[in-house]
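As written, the chain order gives the labels A, B, C and D, with residue 1 at the start of each chain.
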Amino acid sequence: MLQKAYPLIGRTLIAPHTHSFSIDCPDMAALARPGQFVHVRLPGFLLRRPISVCQITQDGLRIVVEERGAGTEEMARLGSGDLIDLLGPLGNGFLTEAPHRRAVLVGGGIGTPPLLPLAEHYHKAEVFLGFRSADRAILTEDFEAAGATVTLATEDGSAGHHGYVTEPLEQHLARHGADVLYACGPEPMLKAVQALAAKYHVTAYLSLEARMACGVGACLGCAVPILTAEGVVYRHVCKDGPVFPAEEVVL
Amino acid sequence: MKVDMRVNIAGVTFKNPVITASGCYGFGGDYTDFYPLSRLGGVCLKGTTLEPRQGNPPPRIAETPMGMLNSVGLQNPGGHAFVTEELPRLTGCGTVLIANAAGSSIESYVGLVELLEGTAIDMIELNISCPNVKEGGMAFGATCEGAARVVRAVRGRTTKPLMVKLSPNVTDIVSIAKACEAEGADAISLINTLLGMRIDIKTRRPVLNQVMGGLSGPAVFPVALRMVWQVAGAVSVPVVGLGGIEKWQDAVEMMMAGAAAVQVGTASFYDVYAPVRIIEGMEAYLEREGFGAASQLTGIARK
Amino acid sequence: MKVDMRVNIAGVTFKNPVITASGCYGFGGDYTDFYPLSRLGGVCLKGTTLEPRQGNPPPRIAETPMGMLNSVGLQNPGGHAFVTEELPRLTGCGTVLIANAAGSSIESYVGLVELLEGTAIDMIELNISCPNVKEGGMAFGATCEGAARVVRAVRGRTTKPLMVKLSPNVTDIVSIAKACEAEGADAISLINTLLGMRIDIKTRRPVLNQVMGGLSGPAVFPVALRMVWQVAGAVSVPVVGLGGIEKWQDAVEMMMAGAAAVQVGTASFYDVYAPVRIIEGMEAYLEREGFGAASQLTGIARK
Amino acid sequence: MLQKAYPLIGRTLIAPHTHSFSIDCPDMAALARPGQFVHVRLPGFLLRRPISVCQITQDGLRIVVEERGAGTEEMARLGSGDLIDLLGPLGNGFLTEAPHRRAVLVGGGIGTPPLLPLAEHYHKAEVFLGFRSADRAILTEDFEAAGATVTLATEDGSAGHHGYVTEPLEQHLARHGADVLYACGPEPMLKAVQALAAKYHVTAYLSLEARMACGVGACLGCAVPILTAEGVVYRHVCKDGPVFPAEEVVL
């Protein structure tokens, strides 16, 4: 874990109110694993904002941020050359299996970015991405560049499957099954994925969100209910997660 | 001449006056990637109760202007696990260890401090001020009688130095501090969090599942400083000041108001190095200003 | 459809729910270069006492993280000058005029409200919560009995709608609000300032000449919101919420918690247009979200 | 009075930790008079900072700021092109007499800037400026360019008179007298000037400082004790001042 201010080397608008940032942080990148996140400090805000690692290179990290409130709006004002104060990498990330295993990745909206490093890990990942509309779709080309097959769904039908991403996902699972499944996205999507994983007996992992303070396990703020042998207990997204086995997640 | 950074509180020597605040530092292991525990004057460990508590349902965190709310609700593994699992990890860590003891009844406070007898704990911080639990907690800290009852009961059952942590959500903090002193408290720490709330205008519901939570961070600093000033002027035991300290200047202000030492909580959430930066900044300041010892700061604004 | 921005409090109609807070808007004349008074829902005028008061010695102002301290100490020209010199300047200004009545004894409160009978004042805000005066002020507002005594005495002597302004520096705000309601308060406003302090580490002395002062500004917002939530759930008279409101979102939050209207104080000091921006932002929000009337916001987070 | 964010068109370091800012604000400049001030909002600070008007042109205002705490340090980070949020012009400014009257201006340290517009008003002002040391001296050339005669004093003797500025001031008053005197600077200096003005029977005005909130007379925060017919009362630096007749000031 590191805490440092790093130079931003670029910001690109990749969808309305959605920005891709490249950060020059080789030391932090060297520690990062897929599914981990960085905790971003922003001027004028007390709490850091957790943002998933979307790409890990020798030179640094890429993150993708959607403006959803005052903090992410402030982040969107940062530009090339500005310093960005990161704490990270945090969390446990995804448990990965051998690259040749048949992995299915399911992303909804701004839940998509953390899945990209998985597509780079698995040789031929099957990726299912759901967005509100075609113009909101992000990272599809990046997944394809990583060798994945992308199936798109949009709620308004403006691109790909018209409806929820879980519909083509179910068709795929019914037809081909999968060795392992990873999902990140809004709660209703996670709920549906959890049910499908159970139905088709696929080992599945869900990446969860929670309001955070410390990001390192010290404050116990980011509690989520998790089913364990002793019943439902609170685990912490920042330290025990953000990824949990689907069958343990209480949604 | 090197500045003597040591302070003595209730017979315990702290290598410097900066202690991490309870609930903001877990059981001491979460920040060791950044600096060793031995850098700190002391560590107040996460609030512990006799029985394990799973804490409150999420969301537990909300942001406020220069502050935050939490409603963690004393999630902890209970006194037994604290003594057998958490404490052993801390042996030899080179800093003063303070247990933050909470309870929902007099008996549970007593049971817990008895468990702590004979452990490596150097001091007990009696938490009669947690706003996030339904029973006990702040209820004891809200009246002189309540506070006195807990302190009296616990005082008889522990040989460890006893620091009582007060709630700021009261009309008259001075009387409560005096009541604790009268019952044998060796030190007073303040403040715990102010009770606050936020509403999410999108969902039109309170942000916190528990509706209300405890406010901490720089926003509360002027309230904390005022209460430390008032209490330090009224009791003769040492006062440990906390609430919103994020810079060495804040720590110096707090000590000038009468605090013998300070605690740093929320600041670590946004700057993991905050406690260390405060120690270093204070030391440089003391040297620059020609102080021989950190303890000389205590109360100089009162003179 | 235009949103109906009006709210009714104790029989008085405000054209919108945004009122400027007492002590932060003088006697109404200082911001007219920027927008007309008629833009506001109402104006709470500077705290006034029966006899003139020269206020506290300077320094009276200190800055804090997202807040400020003041120890003005009710400087005002007295009830007579208020009625004969200040009020005439405000006739026909097109907004609801609220006098903020303070006192150091029951008699002085009563004398003042009697002076206000028959004037253009639309409502009286009874200030039993000023932390900056040695006698009266917060002392009355700190206990149920004190609050009840003032309200009882004043209630019998005025025909004007009576709003009682509460201090947040108490253990149990709900009981005090209920005591005021029981004595005939027509509305409750809260919060006045939290008692706070700063020390200047250069001079090693408190910044404020009076040592302590009242904390206001965004820092206190979560405490104010919590108290409004608590009080609005416990009394049946309207509650006016204030404390740290700087944006329309804050005003909406405050109303969702149960406030019938809001007051804006400190925000004007750093943005003279704050009250107007809040009115405009709230109106746009209400329209966007399909509300027919501002009053529909009141308490919707409670349902 | 206006409140607006204006573009900064330049910042120059004119002495250690002392910066001159040119602000593009013709509308505010058109309203400004010597001795008035602007109230500056800075990101991260609740209260505005009062700063005197140092020069008034058709295009805007010049202000000179010494870093004395966190707010003025933040101001020193602003650069050309940045926006600066001003409320102003505030206060009453200096009461000026006919330009040919013999005016004496006395400035100490960062109290010097507000006097410059007076030097521009009076044809041949006699200006006495005191600083800690030669490198701290500011605006001397600007005063000379405005036609004034400048007498410098430094506490360490590194330039001009060695000692306090009130020493050459007294010599001047004793020898030549004056029609009107204006002073701005630290309290001990103002006290000495007040005494000299009384001794030599010169009409004198002192510019005072106080901690401020609103800047417009609404909060009664910036009180200073002023001697009136009814005894000592509190007046307000922002609205009644910052300039007060010397004989009324209680120091």
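What to note about this one:
Just so we're on the same page, a residue touches a chain if its C-beta (ideal position, glycine included) is under 8 Å from a C-beta of that chain, and two chains touch if they have at least 3 such contacts.
These numbers come from a predicted model, not from an experiment.
Common neighbours of chain A and chain B under the contact rule above are absent.
Rounded to a whole number, the gap between the C-alpha centres of chain B and chain D is 47 angstrom.
Centre to centre, using the average C-alpha position, chain A and chain D are separated by 57 Å.
Averaged C-alpha coordinates give centres for chain B and chain C that are 34 Å from one another. Residue positions 62, 64, 66-67, 217-218 of chain B each touch two or more of the other chains.
In chain D, no residue touches two or more other chains.
Judged by the touch criterion defined above, the protein chains form a single closed ring in which each chain touches exactly two others. Of all possible chain pairs, those that touch are A-B, A-D, B-C, C-D. Those residues of chain D lying in contact with chain C across their complex are 1, 3, 41, 45-48, 87, 210-225, 233-234, 239. Chain A makes touch with chain D in their complex at residues 43-44. Those residues of chain B whose C-beta lies close enough to touch chain A in the complex are 23-26, 30-31, 33-34, 46, 54-64, 66-68, 70, 72, 75, 207, 217-218, 266, 268-273.
Here chain C touches chain B in the complex through residues 62, 64-67, 69, 142-143, 169-171, 194-199, 201, 204-206, 211-212, 215, 217-223, 225-226, 229, 244, 249, 252-253, 256-257, 300-301, going by the rule given at the top.
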